[in-house]
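The two complexes that follow have chain A in common; it is paired with chain B in the first and with chain C in the second.
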Partner chain A sequence: MTRMALEISDLRLSFEGITETTEVLHGISLSVAPEERVALVGESGSGKSVTARAVLGLLQSQKRVRMSGRIEFEGQDLAAMTSRQRQALRGSRLSMIFQDPVSSLNPVYRIQTQFHEVLKRDDPSISLEDAKRRIRPMLSEVSIAEPDRVLESFPFQLSGGMNQRVMIAMALINEPSLLIADEPGTALDVTVQDQTLRLMRRLVERRRAAVLFISHNLGIVREFSDRIYVIHTGRIVEEGPTDAVFANPGHPYTRALLAAVPRITGGDIPEIDENPSAYEAPRVVHAPAAGVA
Partner chain B sequence: MTRTVRIILSSPLSITGVLLIGFVVLSAVFADLVTPFPEHSGTVVDFAKLNQPPQWPNIMGTDLVGRDLFSRIIFAYRISLVLGVVVLVLAVPTGVTIGLVAGYLGGWPRFVLMRTTDVFLSIPPLVLAMSIMGVLEPTLMNGMIAVTVMWWPWYSRLVYNIVLAEREEGYVLAAEIIGASRLHIMFREILPNCFPAIITKMTLDLGFVILIASSLSFLGLGVQPPTPDLGSMVAEGAKYLPDSWWLTVFPGLAILIAVFGFNLLGDALRDILGNEQ
Partner chain C sequence: MKAVLGLLAGRLAISTLVLAGVSVLIFGIARVIPGNPARIALGPNATKEQVAKLAAELHLDEPIWIQYGHFVRDLSRGELGISLYTNRPVTTDIAQFLPATLELVLIAGILMIGIGLPLGMVAAKYRGGFVDNLVRIVSLLGVSAPSFVWAVILMLLFAFYLPLFPIAGRIDTEFAIEHVTGFLLVDSLIAGEFRAFGNAMWHLFLPAFALSLSGIGQAARLTRANMVETYEKPYIEMARSYGFPAWRIARRYAFKPSLIPSLTIIGLDFAAMLGNAFLVEAIFAWPGLSRYGVAVILRKDLNAIVGTVLIISAAFLIANLIVDLLIALLNPRIRYARSAR
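Showing the complex of A and B:
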């Protein structure tokens, strides 16, 4: 069996309050194979983003967080690493794209400065000129026609879509083996969102990166991912190849989620019970499609 | 640049501020050239002209030992500006660093740093400066130290509050994720976003530092004679009111002009830096 890009087994996480502890994740297990695009779908508050943050090692250092389970990145246990080793991983082997591209770029620096910083993660001695030489082709890959103008700009001088593409280019320029995309483009309008997702898909394919795609939008997930995990209140309720899950949703929650996709033909949004007992049903696992190991 | 000029020209108050501060700074820098009697900044006695009301060539009159008041006021500006700049150069980096560290790290550093700040803020500033000056010798250097000690907490407060908002911004998380160090995030990512507020406050504060330093010397705890100082000139002249009114009125007006000018300039800067985005 090949080494997984990311393997999470039985991840449990709780936040310690003053009087009580709130359990957020109740044993999440998921894996992402190299070059595979995996989606983690669920409603707000289901634990998607927390999972992403745990993978990035951003929660381990916090005092009120209790964590158990294993997170392995390319076969290495993240918990066994020092924080310095984890830090070295981030930004080079492990990268992330955010919801809101505009606020994710520092407003006081030009794009080129911020790109330069990212490249320094990989090669601390790289000069601005060398950095620019590497950035230009990357920017044209994300369909930015005038790389030099964009490099000279401040983030607030570019449109949201432009910023998003800059973010994608930044996330991928160090050739990470795993990219975590936390609801990318949710802050953008639908057409731009669609454009940037296509772009992102093309790019990760070309760069052979694995993606953990976090979203609540089933339409996007269907377009983008090879495999899906459905998460509900901190539990994975269904997993399987995208087509299989969409064709034959096995878990009541997945069915409710699919029914909730707004349709262009109109009609009210169907009601979803907040916490019906049916959602406690056991996890549904679809067999992997033939040919995929 | 053109935008800056446009904003200044669009408001009469900003123009006034720039003109006043331009006058204060230029005359202080070129005091030796613009004053009719530069030597009167030191120990000079002119018995022929004791305590004269305003007249040519002493346009603001003369003091009790016959020195030209106008010349002394301009030289006092020089001392005040040096004091203001030195105080800010010492207080701002201290306060900013403390606010930045407390705001970004949180936890016990925040507790220790911000509670210390609160202790300093809880003592009335003039009282704090007076007690320091009372213990130390009243010299220019000690005056600067005293004012610095009471001034930095305002900057740690200011920066702390900005940092609390900025650390939630996406770019901070992004920097954390690409593995930037805490130092890098504090000083290279967050700090530049605090600059507009810091610079505006510094400009406003220059006026207030001059005011507080004058208050100290008014109380006899500041710069000592024969060094010309606006506060001690007012204090000395106050004994001869209302007959020798020029001894108090002109130094007082000089303080007013400087403080007022820096305030107007600070407001203008706030407009310029605030709407940058």
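Showing the complex of A and C:
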């Protein structure tokens, strides 16, 4: 069996409050093979972002967070690493794209300065000029026609779609082996979102990066991913190759999500019926298609 | 840059208007304070005729708007009249006393920014922790007592019981520094007298520190509050996701954006030190404009009162102008407001 890009087993996570502790992940297990595009789908509050942040190691430093289970990145246990080692992975082997491109870029620095910082993660002594030489072709890969104008700009001077492309380019410039995209571009309008997702897909294919794609938009997921995990209130309720899940949804929650698809072509959060008891049904696992690990 | 210059021109125009308003106001107020300035100046033994003669010389027998007309005419020639207290032109007095005050306030401002901002940043970086609580308590202490109270406490502790610092004055009498700018720190450097420079600094430290304490507290609290808010912004999380070191995130991602909202208040605090300097100067026998201001108010020295208040207002407005300019330079949204596509 090939080494997984990401392997999460039995991840439990809770936030300690003043009086009580809320468990938000109740034993999540999922894996992403190298170069594979995997979607994590679920409604708002189901625990998608928390999972992504745990993988990046952004939650471990918080005092209120209790975590158990195992997260392995390229076969290495994240918990066994020092925080410095985890930090070294971020931004170079492992990177993330966020939901709102405009507010995720630093408002007081030019795009080139922010890009420069990212490139310094891999090469601390790189000069701004050398950095720009590396950035320009990357920007044209995300269809930015005037790279120099964009590099000179502050985020607020660019459109949301432009910022999104910048963020995609930034996340991939250090050639990470795993990209986590947490509802990329949900803050943008649908056509722009669609364009940028196509760009992202092209880029990850070229760079042979694995992707964990988080979304609640099943239309997009169907187009983008090889495999799907459906998450509901902190549990994976169904998993399998995209086609199999769409063709034959086994879990009542997945069926409810799919039934809501026509209504979410506008990119909205699906409104599904409250039916928690039926959603307690056991996990559905579709057999992987032949040839896939 | 064009946007910044436009902003500057606008602020300058407003400041001039404000200054004109202040001059009318203080001109009127100074004249309704009870007591005849001519009588106070000449003393109880002067005859009625002598008093009337001086009053006429000062145009005090004319209607107030005519008096204001005289004042504006003088002002346009760069004069503020003669002080009855020193018998010299008010402009000469101000030129003598203002540098001492400005020196004090500038050093206090440097302490406020140099200590307050880093304290706030450290507290925000360790928010919720021990260091944070310590900084919050200390800065609350700084804010909660007025500067003259700090002046008395610091003087008792570090000049009286522990004679580490001098109790009064700007410099020891053994140093005779040629008067060039009136700023002892500058003049001593011009003269190449480094020992005098050190001595002047030594005299400056306690009064400047006393004056700056509430500003330090305020700056630290403000910086902390704004930074803690900024730490919740998505771009901080993005910076973390890129594995930037925590201190780099603190400085470049949390501190710099939060500086913009803090600066306005810090600028006001700085300008307010000009007023607070009055009592601190009195306590440390600091030969500055504030002491002069108190003396002339008590003697109802009209020209000197109006001149002093105008200068202090002008300094206040200039401080604000500088802050606005700094904000414009720091905030790309203002700097590029008009050239944005």
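Definition applied: the second predicted complex is superposed on the first by the 280 of 293 C-alpha atoms of A that agree within 3 Å, B and C clash if a C-alpha of one lies under 4 Å from a C-alpha of the other, contacts with A are read in each partner's own complex, and residues count from 1 in each chain.
Criterion: a contact is a pair of C-beta atoms (placed from the backbone, for glycine too) under 8 Å apart; a residue touches a chain by one contact, two chains touch by 3 or more.
Since the model is a prediction, treat every value here as computed from it, not as a measurement.
Visitor: Overlay done on chain A, so just call it for chain B and chain C: clash or fit.
Guide: Here the two partners, once superposed via chain A, clash with each other.
Visitor: Which partner does A:V41 reach: the first (chain B), the second (chain C), both, or neither?
Guide: After superposing on A, A:V41 lies clear of both chain B and chain C.
Visitor: Check the residue A:L13 against both partner chains and state whether it touches chain B (first), chain C (second), both, or neither.
Guide: Touch status of A:L13: no partner.
Visitor: With both complexes overlaid on chain A, does A:S104 touch chain B (first), chain C (second), both or neither?
Guide: Both: A:S104 reaches chain B and chain C.
Visitor: In the overlaid three-chain picture, which partner chain does A:L172 touch, first (chain B) or second (chain C), both, or neither?
Guide: Neither: A:L172 stays clear of chain B and chain C.
Visitor: Considering only touches as defined above, state whether A:A131 meets chain B (first), chain C (second), both or neither.
Guide: After superposing on A, A:A131 lies clear of both chain B and chain C.
Visitor: Is A:V150 touching anything from chain B or chain C once the two structures are fitted on A? First, second, both or neither.
Guide: After superposition on chain A, A:V150 lies in contact with neither partner.
Visitor: So, A:R90: does it touch chain B (first), chain C (second), both, or neither?
Guide: Both partners, chain B and chain C.
Visitor: Name the stretch of chain C, from among 25-33, 61-69, 97-105 or 187-195, that runs into chain B once the two structures are superposed.
Guide: Residues of chain C that run into chain B: 97-105.
Visitor: Please report the chain A residues shared by its interface with chain B and its interface with chain C.
Guide: 56, 58, 63, 87-92, 95-96, 98-100, 103-109, 117-118, 121, 156
Visitor: Which stretch or stretches of chain A touch chain B in the complex?
Guide: Touching chain B: residues 56, 58, 63, 87-92, 95-96, 98-100, 102-109, 117-118, 121, 156 of chain A.
Visitor: Hey, which residues of chain A end up touching chain C in the complex?
Guide: Those residues of chain A that touch chain C are 56, 58, 63, 87-92, 95-96, 98-100, 103-110, 117-118, 121, 154, 156-157.
Visitor: In the complex of these two chains, what residues of chain B are touching chain A?
Guide: Touch residues, chain B against chain A: 107, 169-171, 173-181, 189, 192-193, 195, 277.
Visitor: Which residues, counting only chain C, touch chain A once they are in their complex?
Guide: 128, 233-235, 237-245, 252-253, 256-257, 260, 330-333, 336, 340-341
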